């Protein structure tokens, strides 16, 4: 994610400049820095955070390290953009938020889908009443392949439901305008048996109930071998809004085998504009001294839904969000 | 449904002839009979069943009456095509099946989606291994408007989950090749408050677990004001099959408001071919002395899933099918 | 075409009955008659036309025989539905129209696209001003394979431009509300060299100018190996209307090769509803004593455009319709 | 076009840097330079071309000025990227090419569609034989609104057929692998009467014949009020390739009015990636000392087709390319 976000920081920002990269694997950072014309490279964050001329940092470390990195950056007085999920536990989320609040810096979390032009158009139409009262939320996030076994361990990536679903859980709250109150997960290790050994699954369907009575379902899979498939729908009393495209290029082949088009390979192709926009929004919020569009509290709540949905899978019962928050 | 199926009986069957219609509202049957060139009309089934020249009947009465009608027809030695759901309780299903077995007649139940060309193509491809091992079942059945309040009462139509979902539950078993083992429903009366007064809901999302570990979700709604929306997907380890179309005519208007097409108004437009085909298959099975393609047992199992899913909604917990079968 | 239209005559007409079939190959008619429950079969039209109880006939003979058949039927006082094109020359069209007028019978010609629900919706929207003033007509008719070499001879089928394009030429006049004034054809024998030997081509693009200044293009091909492809567009000053679908079943396969759906195999699948509707309209017009919705004059004009477009191909120059009419 | 291309020069090029902008309206260049971090701004090209540290220039002046700008840049020894069309006459094209050849510098012309990922995929598939032998070329370029009356004058923009169609004419040669030999245009001023006063049209359909016998049609319009619509098809003996998308965001609204999505507003949204890629290719060709992927000769031939098609419109007859070249 660091190399995905870096070009958006390096180019096109009128009021900010990317001045340094840090990576424990220094040579990786150096290669990226050279291609982007970034001046300085570090193999640790301390040196980078010590620089007084740096006002803000983007954290794209493994999820388990987010909190430590946020605490360090906040202590150094830097504004912070953190990749998602904010943390693997609510305690860690709270610690991150407390550190940020104590330092008086801005924290934005990387729910880039909120910045995708299609989601923004849909959100605007929903808010304008185009579909009446939202009653059902449907979302689908499917990867074309599994993650590494290392990342699949819950202690590293949080498990599939938290790692993948957190985007959908954030969309659910944002688009439905109501909090998730209860979740129930069905899931399993159905495509990649080796994931079972590290305690993860590869397919899940998570039913949700919202505080206002609306209902929802999130569909997660690691075996969408056909492409990177992200689809969302909000069904209302007066209509429905669907967001999502699967086709990549617009070339279509028609022959005796049928009519065939390609599919998006992965997230970079689907959300390039959204990554650029979320970075612009972060810089803009700092410059304007305004609250960031996606807050630490938003990230904490999405994480809580992921934790509740994971517990539901483990315990084979509906789990109330109130159980997780207490 | 009687008037939907009758033309397929009246026309195009080389080995069968539609000779009589019965309806307590005699004038309704008479009008239909005249337009189809059907000779005889009755205001009760007894007279019709008494005719020795009639070999088979199609039952399209309210669900609650199916069993009595099936018992009477079986006793009269007629082969039987019954509309879905077979009955509102498993006890009634069992009674119907027992009567049919005792009489040695054929019973086919109206899960017409199995005869839709698109579903048939998908089934064939799944069976041929085109998507590897199926791991996830997704199905969506949405009506453009609510049913009558009278029909919405559970004692009449079985409630939305059974009435609408039974098609999806049948598809789930048929396409996944595994039995449903557990269900969990979220639902609510979210669009039509008047349904609450008669004990029904208008939106539901039903999570499912199959015996082989695969998972599924069924999406039901009465407020798809945009049209009649039926979509199914089977995701496998090597690909996915999606079945469903929403567009009705192929005319598309492009103007400053965007690009707009229409949607299917209702089931008759979507499944006309399937209704014709299921009737042909019924007549064909009788003629060949073969088992019908959709049996009473199939209908009983789909009904059981609907009953379990309704209980899950009532009791807010996952319900095992084994609880319902015992 | 006889066996395509016959079921629509045999079934579902409240005010008409299909009583006899005639075919020089008697056994072919007999087989069809039996499957449709039609009483009588003839191996010549004279016997059929001699029957006083027959009020109307449908002519689906080779194009070159249309005029003789129309003259005979008109002389016998029968109303006439003729397949398209009406004839291969304007002289023959005139002879057919004269015979019909002299006999005072109704003549309708088989431009079934005018009865397709999608084209009807588009026509209604154009007439209602949904796209402003039409300025451009685009139409595409592509067959998945070539015709027989016998039919490809101009003296039999009229050549590809007349045989295939006559549908598009009729649509052009109907949808644009203006007469075609000039045509220019580019074409060639590009896919099936054997067609060259019988004097036909397999691909053509025909530019058109309408009397009101609007412009158009018709795209014809015999080598759409991917399916039966019929698309039409009317572009106006305020928007555009596109009519046409290529997908056949709604099953879509998604795998590592991409996203694939099938295509319509041929005209029967695409226009089944339209064939039924044109027959109903014909019977309705006779019953009501009204002018048919597609007249002999309409057919004559569409034929004239086809003749002019063929001459343009031969002479490699724009051809005015006035040259053909005089 | 200058402000469209400048960001692609300013960002993301590892081996080139955008150091100066020139615009007779100096303040316009200054604003752009500031937002992109470009150091220097000029109100004339002489000063810019005089700088020895500048190796290459991008020319995005009005078409009529291209040749003078190219001659000046070539004389100064700069490599040149010129916007399309290269010039309004073949004499000017020849002069530009001669100047470039004499100076030994590289000239690339802005046919960005060749760099669009969808067109590239299609080209690769065609070359690999996926559709057999190409026999028909169809292309459609429609703008959502007319140009300024000033630009519409032929002496300024070359007229609609040359200005818009030159992209399609270039695609025709590139994708079909054969030269255009003859053209015939129908067109008119049908939507914007004020264009007639400056001698331009707003709709045209141009039939084409290729040297190898294949045929083609180009569809041009200024009144696609629904959006920016660019579609291309190559039909072959074994299949077809279609390139083009109209939908902009992926948000779809479904309500009682139907199913509606938006359309691309204009070329910047459709071809952003292609503009970036053509600039990268230009820089890459210079660095590698290779021929540019779109040469001055390519641009000259596309211009010739546009000139022939315009003459065909004026003289209402098919025009051979050989008439224009001599």
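Read from first to last, the chains carry the letters A, B, C and D; within each, the first residue is number 1.
Going forward, a residue touches a chain if its C-beta (ideal position, glycine included) is under 8 Å from a C-beta of that chain, and two chains touch if they have at least 3 such contacts.
Values in this document were obtained by computation on a predicted structure and should not be read as measured data.
Looking at the partners of chain A and chain B together, the chains they share are C, D.
With centres computed as the average of Cα coordinates, no chain lies farther from chain C than A. Ranking C-D and A-D by contacting C-beta pairs places C-D first. Between the Cα centres of chain A and chain D there is a gap of 39 Å. Between chain A and chain C the centroid-to-centroid distance comes to 56 Å (mean Cα coordinates, whole Å). Residue positions 224-226, 238-240, 247, 254-256, 262 of chain A are each in touch with at least two other chains.
Here chain B touches chain C in the complex through residues 7, 10-12, 14, 35, 117-119, 121-122, 125, 130-131, 238-245, 247-256, 262, going by the rule given at the top. Within the complex formed with chain A, the residues of chain C that make contact are 224-227, 246-247, 254-263. Contacts from chain B toward chain A in the complex involve residues 133, 135-136, 138, 142, 182, 184-188, 190-191, 203-205, 207-209, 213-217, 219, 221, 223-226, 235-240, 316-318.
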